[in-house]
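Here chain A shows up in two complexes: once beside chain B, once beside chain C.
And now, the complex of A and B:
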């Protein structure tokens, strides 16, 4: 019991400031060191750029990565390679040349035997995918010609002609069509880690990847925090913020006590959604008008406060400094009370 | 390839079938003095353009012309030069030396040394060390130093105090420094001699020992011999000119230089004017200290409202004297009364002050080795050699290895040998005197060839157990003098608008307790301390606040009561706040927003 009390943080300890300083101080060294990594091709952002990405709660990281672990029977190199091939998305434009013929208002798709073989997409498979589009097909040797149909007009609408513009649109749509694999998972490769083989790919489609029978859906991981939040919920997101920040620090060989990072990830997620740190997230939701006005967009906050005749309760640190009172942290909040009994 | 476009000073002048050949022929004629030597010719092979330039503003430098791997500066020419039959200008006229600009340089292959010349070379440097500019060329042994240190030494040489001009006595510069006993360096370069800098020297040759001294020369501090300083080592005089003008004002009014009388608004008290002569101007050679008046001056009132009933302008003058800045002291060197640019009477007063080296002043050698004085020690307490030589400076040996300034050591060794021989040493880049020469010379007069000496501790008299490297090195006093920077404040002036302390030494200001410093105190939980720093030691005020409507109240002196100007209530309480906050409330009010302060009994 004594040890527990001793290790507990004292009431009104300014944990936030200490956490910020504890991460910020080694962060200054990080800025300088990341500079050396600049220019490495295909490199996932690390160091300060990545830290900013995490803290800003970006919808999608610059280089999203998904680690797909496999069920017990699929952890060999060969099996993993097979899964990787099956998961990697292949676009129509990867195996065929898509050209719009604006004179005849058709789209010509020329299948490339070489690319198709390499990516494991047969002509028949390509054909099958194309049949799903709402156009007539004509096949000659390895060329598929699409004749776009007139779209049946909805009631009250004029009949739409097939125009050069719509043909070009169709051609572009076909180029991005997926022949094989999972949308949003690209360039999957096999990686060995912790004595097992798993698949690492660019992208983050967790649900898509989980549909594959060989995928161990309990251990799938991506560096896209928002995707984790969407699929696994806020607790998972909280842990992933923690892990991602820790990874950044570890990679730079900087040591920050985990509890500081935990505080940050808690602060970012305790509302039930991942919020950024900054004007649009945490700081923008401070209670005090003066506190918000002192941070950013001063005029906006003051005008709004005036319009709704807000009250400043002086609960924050900044607010109290502005008016010249003691700050409600540390010694500023602790009071001595006298016992009247006895 | 098509015809070459010919450009004269950047304008297309015509074309020629073979630009390369034309360039060659033009250059030949220039060397034969048939074309003006200031013309430069540049052929751009890639664009097939020939540029002939005679513009002003091109930076040009001389090269020796090389033909077929042979320098045009032949031994015969050299002998004629030595005999004095020829001079530089003859060489230029003879086409032996030519000046090239940045463009024509692109068409050349320049050899640094005569030995390096091949068939392909077109030119030869006049001297290998001429690859350095004017500033770097003055540094001794740059080829033995690391390049960043050379850059730093160049930057610092420009801050050295010496003899900036020889007519300083006639000048009234705002501020300048002149060294008391400047010396030419023992180790000089050919460029130093060519520039004749020995006549405008900016440093002194100091006896330097590379060792520590009770920790007072850690981290680039330098221990200085107090006795040397007393004898004038690195002593500098500062001249500073103050000036004031009798200005004319619209309406025919005028400033007047005179001793202000006690009626004048802003009178500084009799004591401040004690040095002034009858004409209101200070006497030369008077000793002046901070805030004392140099030139007494009165100005007409700023506003003309004080017109008496009789229609005459009341002579209520303002004090506008010229005074020494606070914290400064010196002697009046000279006084100049002259006419300003607009014909007004102008008085310039030049103040002279001796700046003796003191703890905190910055010194530097010519190898990027800078340091501040850490301690002054009387010669009696400093280590001495068997011959009784006491060093002027003690530099920490840790300054050398990581910075790789071997040139510093070489200079010390060379200057030491030179001092005993009574000869200057040549430290020119690539061609100076060598370490071997110094060692032989030191050995021949019975010194340790590596420059090390047996030293005796000045405090105990005991022999120091290891030998210590002692040499002579040229040290410069740099422009950063503590006496011009030192600043303290406990109480002092505040800004009119915010009631916060002023900023900067010139305004006797405070040091900012900034955002990050504030964060640290919050992190520490020192709530009361923050309040004291940010309020008590800054812009604390007590304002009256209306407890009913929450606006700032006033004290009505006429009726002697506190009253709220908005709701006229007398329920008013004093409240402690920062003046900046009061100002914020005022600004918000100016935006037509009414902020209220809600008060409550402390409990």
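And now, the complex of A and C:
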């Protein structure tokens, strides 16, 4: 009990500053080492670039990665490879040549047997996908010709003619159409880790991957924090911020106590949304006029403050330094009383 | 120091012209400073009512002298109002969102939000119309409805929910005329011609018109826009009375020639008054409107540059020499501006800086302070009834520890001079309650800091220890938190001037309180390098010492009673080491060398101490068990003992230590030969395309990956060989193994071979077409051709082995992504 009390943080200790220093001080030694994730998306940024990415709460990491763990029966190498093949998205343009014929206003899709076989997409499968489009098909050996239909006009709108432009649009849409696999999951490979095989791929479509029956939806993971927030909620996002920062630090062999990283991920997520650190995110709003003026665009901040008669409440460290007062942290917040016994 | 006022908040607001006049000490009318006799002109820019800067003169407003009077504002009444440049945008938005006819709000968007959410970049003049869409989206949509219901619609129409369909709305806007929702009058198009010109449907708006327009807005509308009618009314953004800052804000300097040189602000104010007078004269003389407007424009220019001389689109006002003037905005802005240079960065007194050098005989909690610095720095010493005599002695003292100043309770500061009479006089008058400022002495607390201050332990409290010499001395064991070395590093020392600060430093910032880092909870101040080697030699099983040697060491660590020898008449190193351990310490760990280290009840029973065991099991344990002060003393003594031990044992290396036996040399050649064959084999497979491609990689990448694996395996194999051949008695190997300094790799590279050079963990590939150096045939992919160094540092490198070394050593630490491979990238040969 005594040791526990001794280990407690003192009131008003500037824990955020200590956390920042703990990450920042070794951060100066961080190099731009990039790590090789076997097979997937060439180089996944680690080190400083990745750390900046996390802390800035980027919508999408530069190289999104998804780890898809499998249910018990699918953890063998062969099964995993099968799942990987099924998950990897294959575009129409991967297995067929898509050309728009502007003269006849049709789209010609030429199936390539070689590519199709390699990717496991049969002609029939391609045809099935194309049938879902709102166009008439005419099939002649390996070639599917699409005749775009006139779109049924919505109420109040004029009937639209099939134009060269709409044909080109359709052709482009078809190229990006998915014949197989899950949209947003590419280049899936099988990776062995912790005594089991799982699938690692580029991309982050969690919900899409979960639909696959072999996928263990409880253990799916991606390095896209915003996606985790969207799918699993803020607590999961908090944990993933923690994990991602920790991974970066571990990879650089910089040992930082988890509690510093916990503090940072808590601060980034405690509003219910993942916010970035920095002037647009969690420290941005709190800073007073003087603090902002000292940081950048001095004149603009002062002018706006005057125009809208803002008030500087002097709650921050910077602001109090500017006016020359004790800063409101640590012993600066504590007042002492002396017992005066005679 | 007593704090009697605490700032709680600061309110920012605009000055009304009335306010400016009210707080003005005098109206400034003369565009000049001093008369021929060198006295300030009344009503001039350095009128003594504004305060004084010359010693000897008194302020006419408060009667104070230079230091007593901080100055008073004056003002200039402008005959025609002008726009305040910095507020041009705000004015523009107000005009945009109100009706010139009925002076009512036509938009609900708070201007405050528009201004504050605006991106950092300045809006270019051409972009301004687009702002319109943001501010007044309601106008167009509401207009048709109003037409039918006639003029006075009491409410402001709801603003458009979103800008969902921008393109559509733009079209609509052009078709429909903009009409005020309140009075049905068409709304003019307002344009801002940067920096200060306003146009209403192509006709120029005069500042006076703008002011009239804005003054007739209702308080409720102002609130709606985000203003506070009490503190910041938009019409105050048009200047009618210009405040003139006190002289102390713009002091003039006297050059050696006796010539006076005025501050840039004063120059600018002279210009303003001059034009103001000219304008007034012309108006009174009934000059044509055109001339008046020209002068008005000129007045606007001068007032604009007075606020910001870097305003876009207008030429900066220049000094006679052609240098642009530094006006108000320039004073505040940027790295050298008031905010960042003076307000965020404070300067201190009572500090010193000099080169640092090591002194292992100092305590790690101490800092060696040069005599000269100790004589310069002072700390306050309150005179009490208990130390009165001591204080008197301080004042009377002729040399070093003496009092330099005496502070009387009335605030008067007396210098304790060199004359004995003066000293005597002061000491006789000395009373309780006075404060001495005495030179620093041994035992005083100081703050010691090395920049860059990357973490809080870059600044710690050390005990002063005055020493001869000119450098700060510190125990080499504390260099790690400062990240200091002694190749010319300088450090700063600060003396705290209040008891409170000193107490906080002693209790919170003392070195011994920082032994464990807040970053990871492990020791950051710990025995290093020679300490580790010394302790290893000391605690090795075969280490023992004669009575004489042992006595010396016991004395060093403060043990004056000789214990019983444990090895007949000799003392084992383990016994010596155990003397320092607390009885409460127990440990059992595996050391880096693989043997077991056992400590029982503060006695080292088995094993030799190395860095990991020292740090984790001994130091941190002691800190937890016995507290900071005990650990500090332990560290002091253990490092002393270690250094004595390493001095007795001796530790050095020579060329011989890095020479492999001929047999080992042979083996190294065998290993590299094998590697070459393996690489050849792989390259052959690659060329014949029979190499199996790894998933997700190109064939080339697969090959490179495999070759890198082979080269690193080669290095490992050679490493094992070197380790065996050089034996554990080799100093270099010992140091690497116990974690004192260096690594096995260093020994390998010096004795056997340097091995593969890599850039971004890949073999070298750039340089010439299909080869890295012109010595090679293009397209060859074997070891030598791709940066494998077969020589050792001892043998020396061939030119083509030497060149790759600096390439591999350069690490672009920037975060720039590696761009697309340049044209010089050499790809695989056919």
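What we mean here is this: the second predicted complex is superposed on the first by the 304 of 342 C-alpha atoms of A that agree within 3 Å, B and C clash if a C-alpha of one lies under 4 Å from a C-alpha of the other, contacts with A are read in each partner's own complex, and residues count from 1 in each chain.
One rule holds in what follows: contacts are C-beta pairs under 8 Å (C-beta built on N, C-alpha and C of every residue); 3 or more make two chains touch, one makes a residue touch a chain.
None of these values were measured; they are calculated from a predicted model.
K.L.:
Would you sort A:306 into first (chain B), second (chain C), both or neither based on which partner it touches?
P.N.:
The answer is both, since A:306 touches chain B and chain C.
K.L.:
Counting touched residues of chain A, say whether chain B or chain C comes out ahead.
P.N.:
With both complexes superposed on chain A, more residues of chain A are touched by C.
K.L.:
For A:329, decide between first (touching chain B), second (touching chain C), both and neither.
P.N.:
The answer is first: A:329 touches chain B but not chain C.
K.L.:
Once the structures are superposed on A, label A:21 by its partner contacts, choosing first (chain B), second (chain C), both or neither.
P.N.:
both
K.L.:
Can A:163 be said to touch chain B (first), chain C (second), both, or neither?
P.N.:
Neither partner.
K.L.:
Mind working out whether A:52 is in touch with chain B, chain C, both or neither, as first, second, both or neither?
P.N.:
second
K.L.:
Please indicate which partner A:12 is in contact with in the superposed arrangement: first for chain B, second for chain C, both, or neither.
P.N.:
first
K.L.:
Looking at A:317, would you say it contacts chain B, chain C, both, or neither? Reply first, second, both or neither.
P.N.:
In the superposition, A:317 contacts chain B only.
K.L.:
Applying the document's definition of touch, where does A:271 land relative to chain B and chain C: first, second, both, or neither?
P.N.:
In the superposition, A:271 contacts neither chain B nor chain C.
K.L.:
Considering only the contact definition stated at the top, list the common interface residues of chain A for chain B and chain C.
P.N.:
17-18, 21, 302-303, 306, 311, 321-326, 331
K.L.:
So in the complex, the part of chain B that touches chain A is made up of which residues?
P.N.:
Those in contact with chain A are residues 518-520, 522-528, 530-531, 534-535, 540, 576-578, 580-581, 584, 588, 591, 593, 598.
K.L.:
For chain A, which residues count as touching chain B in their complex?
P.N.:
Going by the criterion above, the answer is residues 12-14, 17-18, 20-21, 302-303, 306, 311, 317, 321-333.
K.L.:
Spell out the part of chain C that touches chain A in their complex, as residue ranges.
P.N.:
3, 6-14, 86-87, 90, 112, 115-116, 120, 226-228, 230-232, 234, 237, 308, 329, 332-334, 337, 339-340, 343-344, 346, 454-456, 504, 508, 518-522, 624, 694-697, 760-761, 811-815, 817
K.L.:
What residues on chain A touch chain C, complex-wise?
P.N.:
Per the touch definition, chain A meets chain C at residues 3, 17-18, 21-22, 24-26, 28, 31-34, 36, 38-40, 48-49, 52, 187, 189-190, 255-257, 260, 289-290, 293-294, 297-299, 302-314, 318, 321-326, 331.
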